[in-house]
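As written, the chains take the letters A, B and C, and residue 1 is the first residue of each chain.
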Amino acid sequence: MQFDQILQYTLSGLSTGAIYALIGIGFSIIYNSTGIINFAQGEFVMLGGMLTLFFMGPLKLPLWAAIPCAVLISTLTGIVFERFAIRPLRQPTPINLVIITIGGSILMRGLAMLLWGKDTQSLPPFSGDEPIAIGGATILPQHIWILGITLVIIAINKLYFYHTISGKAMRACAYNRRAAGLVGIDVRRMVMFSFMISSAMGAVAGIIVAPLTMTAYDVGVMLGLKGFCAAIIGGMSSGAATVVGGLILGVLESLGAGLVSSGYKDAIAFIILLLILFIRPQGLFGKADSERV
Amino acid sequence: MLEVAGITQIFGGVTALEDVSFVAKKGDITGVIGPNGAGKTTLFNIVSGIYKQTSGSVHLEGKQVTGLPPERLARLGMVRTFQNIELFGSMTVMENVMVGMHTKSSSGILACSFLMPWSIGEERRIRDGAMKWLDFVGITGEADVTAGNLPFGKGRLLEIARALAVEPRLILMDEPAAGLNSQETLALASLIQRIRALGITVVLVEHDMELVMDICDRIVVLNLGRKLAEGTPREIQENPEVIAAYLGEG
Amino acid sequence: MKKELLKFLVFLVIVMAAPLAFKGGYLLNVLVFVGINTMLAIALNLLLGYAGQISLGHAGFFGLGAYLSGIMTATYGWNPWLVMPLAALIVGILAFMIGFPVLKLKGHYLAMATLGLGIIIYIVFNETVDLTGGPSGLSGIPNLTIAGTTFDTDLKNYYLIWSFTSVIVFLAVNLARSRVGRALRAIHDSEVAAQVLGVNARIIKIQIFALSAAISSLAGSLYAHTMTFISPASFGFNFSVELLTMVVIGGLGSIYGSFFGAVLLTLLPEFLREAQDYDIVIYGALLMAMVMFMPGGLVRGIPALFNRFIKPAGKGNGHA
């Protein structure tokens, strides 16, 4: 009984953890190529879910067609945000960057509210909601979708960063922006790529989690912050460390909510966040200077 | 005055400084010279408490000060300037120097907020003191200019005035002549001598050989992180190893 | 010095005269909140505009003051005038202790840590139902009284709150112009140079963080006693962002700027009553626009605009 419960919480924790990981990698990619923590990252997660609903509802597209449209629009939003808010900044001090990304975040959230209202809505699961039994626990098909899609995205990421020219150029930027510029890498384009990739990943995360947790104009705040927490645990790596960070966070949260108190569930992420920042700001696994991309 | 003994600094496997020792005598102007990459600035950063060295010790007036943070060193009478002047760009020239009087004043948050009589008196003293130092380096005319708008040469003077406001017994200057034209350099040389005349010991890192040979009492030569030679300007000029090191550089 | 005194007197006259313009109207009630928000914006500005340290958790300190006052007076019947300074002291000490690890962080990490702190406090307000009443709030907080006068009307509250606000403005202006204010701005411009001159950056940052939290707590206590009802919703992340917007709009490092920022942002939603949902969009757009086009805030941006466009273009563009 007790064991089954723990298994159950762990399994559902893993799938939310996968979401956190995707969002966290988005944070890391931008941070590594620009030194910016993009406080608007969570809004792309919201956009993913809400846009899919929009394409399915008013525009009557089927799910399989709505998803790529939603990802596309979110990605474009990310590009526009970088091009017209981040890039023209005359004094890109950390404080100004924090303020402008927060401003962008509220703006997107507010526009979403005006466009689509304040109601919480849900996306249909991708393939039914017949529970599947695993040991003494059950999971939904959507959990499998989440884990599967996360794995695929991380694999694509790995391929991109290690086996394509532009991916390698982005890694070079992450190690040393000045030097990358000197050897002829277009750093500005890489910055735009990083916003593109992370907004796309955020949107995907928002879409695959929406059937489970519902979505609304304001889901981006919490999901974004937890994604950041995953990235911090992983030492701002955009690889395996952040994935592990997301999974740890997801499982701890799920266990904490189930076994201790559901009210404090959200606090768990922030307590972990503070502890890591105070004690091991380089992340749980980091040597002082770990793999950055 | 300042005794540096056996300083070694290793950055991630690269030895930047190896067993460097030297002494700056009270009232002297001591120059630290060396080709690029010799470790001069690293040495300064260690002595002024900005870096922590791998090993070695620093004594100030016989007191062990190894590893103390810069704000403690300032209170013990040691202050430094920076190669790329570090002004408080959004504050006026006057205010910059007033910050230099920080250790010579003590009103806390509450006394300042409530305008306690003693904090008002102290503020007046700070203002007068700052004016005196602006006058000493000769930029009283710019007192109300925003420091960020100052031309480089005057910025250098401001940085020195600000350091003097701490009323140090030892001042470390990191390439004070860098970026100055020849006229400004001449003025700087006489300023440094006037600083020494106040009884302040001066240690400077410098590229400008002429300046160093002119004003220094003793010179320490670094090369590739080691001390190559030490002596009077004349001894240094005649030292074959020093000549080789400089010629070797190109 | 004289100029500062004059500015403060003008401020006082405006504050004292404002109620005459809105006799008994609904706006008077809003102006009470302007006073509270001015205090909060100044508190945040001391930290952000002067010391250059961001906080996205100030709504939490505001809430702690409000709840400490609310709980001790409504539930335990303590004297409000006793609880108010006590709460400020407790919150100040708390912030002082948290300041040690928090202010080691810089820039984005500091923003995230303070944000996390604010959200944890917010969650605690929601979850400790026995103490705070949870999401449905805490009611029955007494109005303040002085010598038999109970502050229970908008007009009385207006003068009560603005007396506190004026004192805070006065103290903050003094502090900003003092050796402490200079040290803070020095840290902001170049921390290493400040340290070399003997400024203990670490301690002074922590002190100002604590002071800022204590002022926020005081504002919270006053808020609780004028509202007589508080709920966690007023102390969430959104309010921290609203405070940030006030400070940025008014101008970082300008005390009167914070006052203008608070006036503008508190009144804005009232003028947008018809379309209330727009306020969040407008905050976002304003924040972005200010950082992009007027990073010095209104107090510096408006005079600059004036010089550029209104004044006849005599001798070039001067120094922008």
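The rule we apply is simple: contacts are C-beta pairs under 8 Å (C-beta built on N, C-alpha and C of every residue); 3 or more make two chains touch, one makes a residue touch a chain.
Since we're looking at a predicted model, the values are computed, not measured.
Asker: Could you name the chain whose Cα mean is nearest to the mean of all protein Cα atoms here?
Answerer: Given all protein C-alpha atoms shown, the central chain works out to be C.
Asker: Centre-to-centre on C-alpha atoms, which chain is most distant from chain C?
Answerer: Looking at centroid distances, B is the chain farthest away.
Asker: With chain centres taken as the means of their Cα atoms, state the distance from chain B to chain C in Å.
Answerer: Centre-to-centre distance between chain B and chain C: 40 Å.
Asker: Taking each chain's centre as the mean position of its Cα atoms, how many Å separate chain A from chain B?
Answerer: About 48 Å, centre to centre.
Asker: From the mean C-alpha coordinate of chain A to that of chain C, what's the distance rounded to whole Å?
Answerer: One centre to the other, that is 32 Å.
Asker: Counting only residues that touch at least two other chains, what does the list for chain A look like?
Answerer: In chain A, no residue touches at least two other chains, as defined above.
Asker: Report the residues of chain A in contact with chain C in the complex, numbered from low to high.
Answerer: Counting only chain A, the residues touching chain C are 31, 36-37, 39, 85, 88-91, 94-100, 102-111, 113-114, 221, 225, 228, 232, 261, 263-264, 266-267, 270-271, 273-274, 277-278, 281.
Asker: If we count contacts the way the header does, which residues on chain C are in touch with chain B in the complex?
Answerer: Checking each residue of chain C against chain B gives 171-172, 174-175, 178-183, 185-186, 188-190, 192-201, 207-208, 211, 253, 319.
Asker: Which residues, counting only chain C, touch chain A once they are in their complex?
Answerer: It comes out as residues 48, 52, 54, 56, 101-102, 104-109, 111-113, 115-117, 119-120, 123-124, 126-127, 237, 241, 244, 248, 277-278, 280-288, 291-292, 295.
Asker: In the complex, go through chain B and note every residue touching chain C.
Answerer: 48, 50, 69-71, 74-75, 79-80, 82, 86-91, 95, 98-103, 105, 107-109, 112-115, 119, 122-123, 126, 149, 162-163, 165-166
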